[in-house]
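One chain, chain A, appears in both complexes that follow, with chain B as partner in the first and chain C in the second.
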Partner chain A sequence: MSVNAQTFAPISSGRKAAILRSRRLVTWLSYLLTALLVALFLFPWLWVLSLGFKTRAEIMSPNIVWFWTPTLNNYIEVLINKGYWRLIINSLIVAVSAVALCIIIGVPTAYAFSRFPIPGKESWFYMILTFRMAPAVVLALPLYVLFARAKLLGTFGAPILAHCTFTLPFVIWLMRSFFDDIPKEIDAAAMTDGYSRWETFLYAVLPLVKSGIVAVALFSIIFSWNEFLYGLILTSDATRPVASQIPSLIRPHGTLWGEVCALATTASLPVAFLIFALQRQLVRGLSFGAIKG
Partner chain B sequence: MAKITLQNVSKQYKGGEIQALKQINLEIEDGKFFCLLGPAGAGKTTTIKLIAGVEPLDSGKIFMDDQEITDLLPNQRDVAVAFETYALYPQRTVRENLAFPLRAPLRKKEWSEQQIQARVEEVAKLLGIDDLLDRLPRQLSGGQRQRVALGRALVRKPKAYLFDEPIAHLDAKLRHRMRGELRRIQLELGITTVYTTPDQLEALSLADQMAILNEGKIEQIGTPSEIYQHPANLFVARFVGDPPMNILRSEVQGEEAYLFGQTKLHLPDHIRSKLAAADIQRDLMIGVRPRDIKLVAPSSEQALLRGQVKYVQVLGETSILTIVMDSHEVRIKMNTQDAPNRGEAVGLNFAVQDCHFFDPRTELRLD
Partner chain C sequence: MSSRRYILWWVLPAAILFLVIILIPFITALTFSFRSFSFTSSLSTGQYIGVDNYRKLVFDNDFYNSFKVTFLYLVPAILLQGILGLGMALLISGAVRRARILIPIMLLPTLLTPVVIGLIGVLTLNPDFGVIGQLLKKWGLVQGSVLGNASTALPAIIAVDTYQWTPFIAVILTAGLLALPKEPYEAAQVDGANPIQTFFRVTMPLLWPYFVVALLIRVIDAFRIFDIIWVMTRGGPGTATETVAVYAYRHTFRYWDFGYGSALIMVIFVFISILVEYLYKALQRWQAAQ
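Right, the complex of A and B next:
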C-alpha cells in the first residue's frame, strides 16, 4: 500500500521544472552530436568539391585560400580535353550490368535458400558469405589469368564478372533475410490458389520484397561504382571505370589535384542522385519489418 | 468433387521431436461435410496441410477419388484452403486477394476479367465484406481478415474445400450466421469439405461425418449422433457434449455396481458379459450425460445419489447445476424454471440405459 501511495503522490512544481530542463538538455545534446557527425562526414567531401573549382596556385598555396573566383578549367581539362567523361559511361555500364546480373541470379537463389530443404544448407550459405570476405587482392591475379585465357580481358565482361564476386554474396545474404521474414503460409496460400512454385515466387512473394530489392540493388551499385582494384587490373583504357582512372592524374611532375577533385566530384554525382531519388525506398527496404502485412 | 482417403499417414516436426500425426486412416466421402474435431495441438492443421500438399508427409498415402496425390504439387490437387493464419497477401487489396486464385495462370482461359469481378463481388457480399473491397489486409480487423481468407477459398469451385478453423475469430453472432452460410453453400455445391474446429458444438451442428483427433491419433470416426450417443472411449465422452459427460468411478460386486460406496446400480446383462470378457473385477467407469440426470427429493426412494447444489449457472431457458457429494462433483442440465436454489439438498436419479460404461484401464467403451 505504501508503495502505491508514493507512486501516485503529486510531483512538485520544482521537480517538474527540473525534469523539463534535463529533457531539453538531452534534445540539445543530440542536435549537437548530429551536427558534429554530419560535419565530420561532409568536410572531406566539401574540401574535394572546393578544390575542383580552384587553380593550381590556389590549391598549392601554403595558406588556405578561403575566398576565390571559381574556375571550371579543371572540369573542362579532365572531362573534355582528356575525354574522361567516357569513363563515367564505362562505370555505369559495369555497375548496372553487374548489379542486374546479381539480382537476376541472386534473388531466386536467396528464395531457394529461404524455402527449400537443401542438404547442408547453412554450410553452403556461409560458404557463399565467406566469398564476400575475401579481399580483392586475393582474387585479382587468379581472375586476371582466368580472364586472359577466356579472352575477356579488355572487355566489359571482365570487371562485370569480377564485381559479381562481392555483389552476388551480398545480394543472396540480404535477400534471404527478406524472404525469411515473409511467412511461409503466403507461399502455401498461393500454391493452393493454383500457382506453381515459380509463379508463387513471381506473383505472391516477389512483390513483397520489392523495396528490399531496390535497397540491395542500390547498395550493390554503390559498391560496384566505387570499386577500384578490379577496375584497374582487369580493364583496358577503353573499358576502365572512372574510379580506377584517378591514379593516372598522378604525374611524375606532381599530382593534378584540381583535376582529381573535379573528376571525383563528377563521379560522385550519379550515385548521390540515385540515393536522393530512391531515399524513401531505401529506408523502407532497410526497415525489415515494414514489408509484413 | 472427390472422395479423399488418407492411408497410414504420419508426420513429424522438428526432426522427430514432435509427432504431429500417427498412422492416420481416414476416408472422407464424396460431397460430404467432414469435421475434424480436437483440442489445440491434436494435428488438425497438419492434416489440412497434408491434404493440401503444402507440406510433405513422412509416410503413408493420400488419394483423391482413386488417384494417388501424395506427391502432387498443391496446384495440381485443385483444393481451396482457408488457412487458420489467414495468409492474406499484404500488399493486395481485399478485391485482389479474392481475385488471386481466379487469376492463376493455369486458369487464364476459364475466367474473363468481367467474370472475375462479378464473382469477387458475389463472394464478398455473401461474407459481408463487400464494403471493404478496396482496403488492404492490415486495415482490417481479425474477423474481417478471416472472412477474406474464407472468401479466397470460396471464390472457386474446387474438388474439395479445406477450412482450418475458418470462423474461429469472428464474434459469436457472426460465427453463428457464417456457420449456417457455410453449410448452405456446401449443400448447394455438393463439394467435399474438410473443416477443422476445436468447438464440439460447431462440429456436431455442421458435420455429415466427423473424426475426433487427439495427440495425432484418431479417437473415433462417425456421424455426429453416433459420436454423441456412443462415444468410443473416455476422451471422446469427455470432449463431446457441453457440459461434458459426468464420469463416475464405481466398484463392481457381482451383478451390482456401487457408486461412492452408497448406491447400488443393477448392471444390465450385456454389460456384465462384457465385464467378464474384459476381466474387470472391481473398477468400472460410468458416464452419464448432464441431460440424463433428473432431480428428485433427497428423501425419495428414487434418489440414487444425494448431494447439495453448489452452483447454478443460468443459460436462459436451461441452467447448469453443479451438485457436490463428498469430494465429487456432478453436473446436470435442466430447465431454469424447475432449478433449485444454491445450497439446497437434492437427490439424483438416472436410468441404467442412459449410462455409458468404460473400461478404466483401456478407457474404451464396453458395449
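Right, the complex of A and C next:
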C-alpha cells in the first residue's frame, strides 16, 4: 500500500518521503516478526511431525537428532498393522454427523432466540451456556446408563449424541449473535413481500449468515475432533474416535512416542484440509458484522 | 403470528434433543446422588442413603481444593492467552491481509488434540531425554522432574494449554481486525492521534466484541479441562493439578463411587450455572460501557 502511495504522491516533499520510507520499514519489520512468530508456533508441530519419522532410539536420545534417515515404520505399524486408520474414519463420522445435526437443529433455534419474544428468554439462554460449560465427566456416567438402556452403546449413535451436548449449545450461542447482527427490517421487508416466517428465515436471512454457519461448523468440528472422554467411555473398539484411542499407545514399558506422533499428525490432516479449503468463508464468517458475546 | 405455540415449533427439535441428552442424564445423576453403590451391585440398584453423599462433600477438603486448582489454572491461562492472542493478532493481521493461508497454518497447533499436546508436553519436559526438561535441569531451575514437582506442574500445564489455544484466539481477533471500518482511523489521523492513542481509543473499542467472544469460548472450555491434565499429571503430584473435572473423574471412574460422583456433578452444575449468568451479565455490562 505504501508503495502505491509513493508512486502516486503528487509532489513529495522530503518529509513526506521520509515518513513513507519509515512506514514501509515498519511494514517489513512486522512481516519479519510475523514470520518469526508463525515459526515459533509451528516449530513444536513440525517437531511432532519429525518424531513420527524417527526410530525409538532417535526419539529417546538425550541429544536432539537433527539428521536421520526417515522411517515409515511408525506410520505402517500404527495405521496399517494396528488398523487405526479406521479410527480416523470414525472421527469423521462422529464429528460430521454431530455437527450437521446440531447445525440443522440449532440454527432455527438461534433464529427464534434472536427474533421471537420467548418467555424467560435470557434464563433459557444462560441454561444452554451452562450445558456447554459442564465437564464431560459430569455427563459421561448418566449418558452411559441412558445409552445402555437404549441399546446405543457400541453404535455411532452414542458418541454422536454425546458430542451434541457441547456442540448444540455452541451453535445456538454463536448463531444467535450472528442473527442479532442482521437488521430486523430485512425480515419485515420479506414478510411484506408475502413470505411466511419460515420462508423469510430460509430465503432472506439464512443466505446472509452463510459464512457464519461455516465458521461455527468448522470450530464445532475442531472441538468434536479433539474430544476425548465421551469417545473413550461411550464407544466400543469399532466406533471409537481417534483422539480417545491415543492413550492405548501409552504402554507400561514406555509410551510408543513415534506411533503417537504418526497417528496424531495423520489424524489432524482431514480437519486441516477442511480449514484450508474453507479459509475464505472462515475469515469472512468470523469477521461478519461483529460477533458479540 | 408469533403466538406461543408457533414459537414452540422453532425450538422444539433442540428442546427434545436437550431433554434426551442433558435433562434425562441430569435427573439420573440426581437420583444417583442419594444412593450408595458398591462394587457388587449393578448400576440399576444401589442403596438409598439420603443426603449422606452431600454431607460427605461439605467436609471434603479435596473438593474445595479442586475448585481452587481450577481457578489457579483458568485465570492465568485465559489472561496469558488473551494477551498473547491479541499481540499475535495485531502483529499478523497485516500479513494475513496479503496471505490468507496464514490462518489455517496458525490453527495447526489447535488441531493436534489436547491428549497429544499433553503427551508431547510430557516428552519435552522429561528431565532425562526431553528437550526442555534437560535444559531446565541443567540450568538448575527445576529439581528433578517438572511435572513431578507440585510448584511447577500447574505452570507446565498452563504453558502447554497456552501453546494450543493462543492461535485460536489470535485467529478470531485477526478476523475482527480485518473487518474494522476505515473511517474511525481516518478521523483519528485528522485529529492527530498518535498510534498508542489510536490503539486504545479506536482499535480496542471496535475489537472488544471479538475479544469478549474469544475469551468467553475459552473460559467456558477451560472449566471443562480434563484431557491435557489427565495425560500429563493425572491430577498429581498429590492433588496439585486436580481440577474439578479430574476430581470428579477420580471418584466416578476410578473409585466407581457413582453416588458421591453424582453428588459432585450436581454441585458443579449449580456452580457453573451461577458462574455463567454472572459472567455473561458482567460482560454485557462491560460491553455496554465501552
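To be clear about the criterion, the second predicted complex is superposed on the first by the 250 of 293 C-alpha atoms of A that agree within 3 Å, B and C clash if a C-alpha of one lies under 4 Å from a C-alpha of the other, contacts with A are read in each partner's own complex, and residues count from 1 in each chain.
Following the convention adopted for this analysis, a contact is a pair of C-beta atoms (placed from the backbone, for glycine too) under 8 Å apart; a residue touches a chain by one contact, two chains touch by 3 or more.
Since this is a predicted model, take the numbers as computed values, not measurements.
Engineer: Tell me which partner touches more residues of chain A in the superposed arrangement, chain B or chain C.
Structural biologist: C
Engineer: Regarding the shared-chain residue A:92, is it in contact with chain B (first), chain C (second), both, or neither?
Structural biologist: neither
Engineer: Would you check which partner chain A:168 touches, where first means chain B only, second means chain C only, and both and neither mean what they say?
Structural biologist: After superposition on chain A, A:168 lies in contact with chain C alone.
Engineer: For A:199, decide between first (touching chain B), second (touching chain C), both and neither.
Structural biologist: It touches chain B, and chain C stays clear.
Engineer: For A:109 in the superposed arrangement: first (chain B), second (chain C), both or neither?
Structural biologist: Only chain C; A:109 stays clear of chain B.
Engineer: State whether A:30 touches chain B only (first), chain C only (second), both chains, or neither.
Structural biologist: Second partner only, chain C.
Engineer: Go through the superposed model and pick first if A:183 touches only chain B, second if only chain C, both, or neither.
Structural biologist: First partner only.
Engineer: Return first, second, both or neither, reflecting whether A:207 touches chain B, chain C, both chains, or no partner chain.
Structural biologist: In the superposition, A:207 touches chain B alone.
Engineer: For A:132, using the defined touch cut-off, is the partner it touches chain B, chain C, both, or neither? Pick first, second, both or neither.
Structural biologist: So A:132 only meets chain C here.
Engineer: Give one of first, second, both or neither to describe whether A:100 is in contact with chain B, with chain C, with both, or with none.
Structural biologist: In the superposition, A:100 touches no partner, neither chain B nor chain C.
Engineer: Identify the residues of chain A that lie in both the chain B contact region and the chain C contact region.
Structural biologist: The answer is residues 197, 291-293 of chain A.
Engineer: In the complex, go through chain A and note every residue touching chain C.
Structural biologist: 27, 30-31, 33-35, 37-38, 41-42, 44-45, 48, 59-62, 64, 101, 104-106, 108-109, 111-113, 116-119, 126-143, 145-146, 148, 161-162, 164-166, 168, 172, 174, 177, 197, 222-223, 225-226, 228-229, 233, 242-243, 246-247, 250, 255, 257, 260-261, 264-265, 267-268, 271-272, 275-276, 279-280, 282-283, 285-288, 290-293
Engineer: Spell out the residues on chain B that touch chain A in their complex, using ranges where they run on.
Structural biologist: 49, 52-54, 73-75, 77-81, 83, 85-91, 100-101, 104-107, 136-138, 152, 156, 162
Engineer: If you look only at chain C, which of its residues touch chain A in the complex?
Structural biologist: Contact set of chain C toward chain A: 1-2, 4, 6-7, 10-11, 13-14, 17-18, 20-22, 24-26, 28-29, 32, 43, 88, 91-92, 94-96, 100-116, 119-120, 122-124, 128-129, 131, 134, 163, 166-167, 171-172, 174-176, 178-179, 209-210, 212-213, 216, 220-221, 223-227, 230-231, 244-245, 248-249, 252-253, 258, 261-262, 265, 268-269, 272-273, 275-277, 280, 283-284, 287.
Engineer: Quick check on the complex: what are the chain A residues that touch chain B?
Structural biologist: Interface residues on the chain A side: 183, 185-197, 199, 203-204, 207-208, 291-293.
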